[in-house]
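Okay, got some structures for you below.
Each of the next two complexes has chain A plus one other chain: chain B in the first, chain C in the second.
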Partner chain A sequence: MKQFGYTTLTKKSVNIYETDTSLWKELSAANPEFKGCLSCGACTAACPINNSGTTLNNRRTIIELNRGMAITSDAANCQMCNRCSLVCPKGLNTRRIFFELIRKRTEEKQ
Partner chain B sequence: MYKFDPFAIPFLIGFAFVIGWVIVRMIQIFIGMPKKDKKRVFVNIFTFKTVRGIGEIISEVLIHHRIWRENKLLGFMHMSFALGWFLLIVTGWIESSLRANGETLPIWQHIFYKYFFPGEHVFRLSDVIKQLMDLWLAVILLGQLIAVLKRFFYRRAGIKIRTRHSRMNRIALTALWFIFPLRLLAESCTASLYGGGGFLTGSLGQLIAWIGDASFITYPMWWAYSIALGVFFCVLPFSRYLHIPVEAFLILARRWRVSDITTINRLETMACSACGMCLSDCPLARNNIAGVQPVYFIERLRDGKATTDDAWKCLQCGRCQQICPVRVHANNLRQELKGSTDRVEFGLDTHKRVLAKRVTLFSGCMGKLTPRTKAAMEKILNAAGVEQTWIDEERDLCCGRPLRFNGNQNTANQKFNELHDAILETRPDAIVTTCPICFNMMKNRFETIPVYHHTDYIRMLIEAKRIDLERSEETLTYHDPCELSRQAEYARQPLKVLNRVGTMLQPEETGEKTRCCGGAVAAIGLNNSERKTLAQETADYLSNRNADKIVTACPLCKKTIAQRSKRPVADFAEIVADALVERE
Partner chain C sequence: MKELNDAVIIGGGIAGLQCANILARRGRKVVVVERADTIGGHVAQWHTCYPFGLTGKELVDKLTTHLELAEIITNAEVDNIERERDKYAVTVNGKRHDTRTVLIATGYNLFDAHIKEELGYGVYPRVITSVELENAWNNNTMPFDTSDTDAPRFAIVHCVGSRDLKCNVTHCSKVCCMAGIKAAKELKQHYPTCQVTNYYMDLRMFDTSYEELYHNAQTEFNVQFVRGRISEISLGNKGRLKLKSEDTLLGIPIVDRVHGVVLMIGMQPPATIKVDNEDLAKNQNGFLLQSDPINANLTEHPGIFIAGACKGPKTITETLADAKAVALAIDEYVTK
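Our next item is the complex of A and B:
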């Protein structure tokens, strides 16, 4: 069996008055499909970059965005191979999350 | 016999403008070329390459041979305008020169010959030339009639989707459509007053003379004709008709082996004729998903207004560039927009072909999702007695192509170098990959080692009689992956192999005309439902032939089609492995 390279989230409480979900609102407005994520983790399990021991984690990123938490994945690591989308039971364009994050970051830099 | 008349001024202004504009632009492009390519131009300019280039200019810019091949009616239409007009100018020039009898005439007296030399003139060949001139004009007018009818009955003309042109293009088109009827009227009116003219202008002239006195409209007609020419020339550099001069330069640049991608991209941007041939077979146009086909995209690119959709919604399946009569490589233009400046070559690996003893195999990111392909390959190679190493069995490697498609060339290069070094460490005699996307990235990049796509390698094994196949009763539909059939130009051969093991039921659009499965690693901007629509369309299209199995040769195609089709989908290697005959 392959180690999926992630563990379940440690117990954490989220203070909804302090979190900032503006990024999620923006991204999910442009890509409403992300709202359909089941958090099943198939994408992360299939991701070669996650498997090679980085923090890149689609499922977790979607959850973090949704809850307005700090994002632990480095989007720049994604190699855009599309494996995550192919295994997603909902057929979501999962790598786009990272693509959009990269785009946002380069836009902010300019 | 030097004469001038102010009506020629609009034409002269337009003509000078367009010539000046093209010369300035081409010099700019030449200056912008890297040294290496400038040298190539000088080395190749006085060789046979130029002659071949001129031959291609005649067959493409004038005759439009590639359009003929796709659609006879459109081919005739384009040819009648281009070749007809060209012959009209050349024959007219000969006519006026013969008439001038050794004297040199200024350009307007050549162009408006009938105005400056009205009536019947007798000189050598004058009768033949007179009729020829009218014949060319008639051919152009016939082409124009088709063009007008095509606007209304475009489906009859074999055009599935109509192009919506920009304002500049419409102005230019209107001017162009006025030119030839005005010329006909101007010459006929002149003929009605002074006689002369061939079977068209002469007869029409007699008719006009019979109706009444045309002297009051003749001069305005010449003005109108000259103005139409002037307007056309003045808007030409800003419209699609820019392709007329630029395509010739593009053909020459290619013949002279100019390799700088930016130079070729600039020329191709200007050489697109907005003919709209790329529209009909684009899956995004057929399904009304996005208007990012080259005909629109390049127009925006010229104006510096390319959109994010242009970059991120196109599948880069290459169907449009395959059909393009100008051979505009829209994928390269899109890659440039995304920040990638190197191109992926067409064709197969060019190294000497060897049936190696030790091969290193690479599944690629997608290939890891289709383990059956790997198992089948192992079986085939074992049967053929080839020593194999699977490079990404334990770890994940990436060829970097997906990153290139998504705008990060630097990281892509790092990924590729990692893969390159890992493969070299295994000291293979040949490299085989089961993914056509990886194949296109890897070919010709391993110094002396040949790289094969597995379909190609298996075919070599069969031809060398290293494995034997047995025919079965199965019916198969082969889906050509875009990356294999178009980018690697490897389209007919897999079918030949499959023909030996089963009965092929091919859909109409096959080979290099194949439809994209909808999975494409580019097109990150497509959302869920758009992808679904595309994949469903192709899956249905392939299932239509009711074959027992759909066969493909790309892990991405396989996954994408399998998710949407009711019929089982198998890789090429699986089919061959099933048909293997054990040797004692």
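Our next item is the complex of A and C:
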């Protein structure tokens, strides 16, 4: 095939009507409090791991799970310091979201 | 000598009725002038009114306990209001009513969703307004046909005709956030297997119990909230609607495909009322302006009062409180 010297970009938009939300359904059934997240971002602002340059982001993870999108945070980075839960205005146990994801991954490995 | 009324109330919505009811109970001579053929205004057509859960009809009935003492003129057009020393002459359908005071309680007009062409209202029958949704519940009909699926998806689009400079609307219509969440819960109750997504710019849960309504919709009803404005609604596969927006909390453009869209249409200023052939003063959003910082119902004309949503978007609770305040103001004005 003749090369014209340009590249095409991959489509960025997500069809949220066909994403797989089974993980969200499972996690939110076990931890219904996650559903009440206001997406204020206080957890992420308080997170020393996010602040040190990783992609770890509680707020984003909850939304990504809810929409069934690819999770951009690496849960293994979480140090479980619990600063995120301290600042959460809705009193959510926000670090639990990473705890659950790590547990989920461990279960899958076994 | 013509009969002199204490108050002519222009607008038979909840503000006008509340005020007329109170004044009539206190022995004042009141005329209520309503443009439509029935009283109750917009509220009469709402299926349920938050937060007390009454139907619009029930709520209106509660405001008419003493109305047999007042004169009610429906299908009425106010031709003119003229000041004659310390009283006013209001011409209704060609007939003159002399009165000490006039209350303007003309409420609001609903935003015409056709103006937002990109949302496809009037083009796609599966795009309906919040008013049509209330009417469907009132008529015990299902607003959307979902016979071809077990798991329908619905979208509720907030801020249609609110905070939109292109439509010449800069104000926030204030109540649609709550109404949008209420609509989401009702859809979920009528279509138990459905997924409802609310597309919002901001959720302004400003009063007590509204934040709880939002929390309840998230946790009990699993309503999805996406912060992003719909840029376009088009026809997708199988007669479904395709919605484009950006999930601004993720920075990812998203496409939704739904079986029905509800547009939360905002409140617009009411038609102009002229006193002595001059428009009443308006604020920057086109609603009537209160002339006094303390007394919320006064205008620059002594004896002309304003109340309710003609002053700006208001909830039912606020409108009823405002109408009660204006009843006192009118009573005091007439006594003195």
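To be clear about the criterion, the second predicted complex is superposed on the first by the 96 of 110 C-alpha atoms of A that agree within 3 Å, B and C clash if a C-alpha of one lies under 4 Å from a C-alpha of the other, contacts with A are read in each partner's own complex, and residues count from 1 in each chain.
Operating definition for what follows: a residue touches a chain if its C-beta (ideal position, glycine included) is under 8 Å from a C-beta of that chain, and two chains touch if they have at least 3 such contacts.
Keep in mind that what you see is a predicted model, and the values were worked out from it rather than measured.
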Room on chain A for both chain B and chain C (clash or fit): fit
Partner chain(s) touched by A:81 [first = chain B, second = chain C, both, neither]: first
First, second, both or neither for A:39, with chain B first and chain C second: second
Partner chain in contact with A:23 - chain B first, chain C second, else both or neither: neither
Contacts of A:66 with chain B and chain C, given as first, second, both or neither: second
Per-pair minimum CA distance [chain C against chain B, superposed on A] in Å: 13
Overlap of chain C and chain B interfaces on chain A (superposed complexes): 32-33, 36
Complex contact set, residues of chain C against chain A: 153, 197, 215, 218-219, 222, 224, 227, 244, 247, 249-250, 252-258
Chain A to chain C touching residues, read off their complex: 12-17, 28, 32-33, 35-37, 39, 59-60, 63-64, 66-67, 69
Complex contact set, residues of chain A against chain B: 31-33, 36, 46, 48-49, 51-52, 76, 79-83, 86-87, 90-93, 95-96, 99, 102
Chain A-touching residues of chain B, taken from the complex the two chains share: 365-366, 368-369, 395-396, 398, 400, 402-403, 405-406, 408, 411, 415, 519, 521, 524-529, 531-532, 556, 559-560, 563
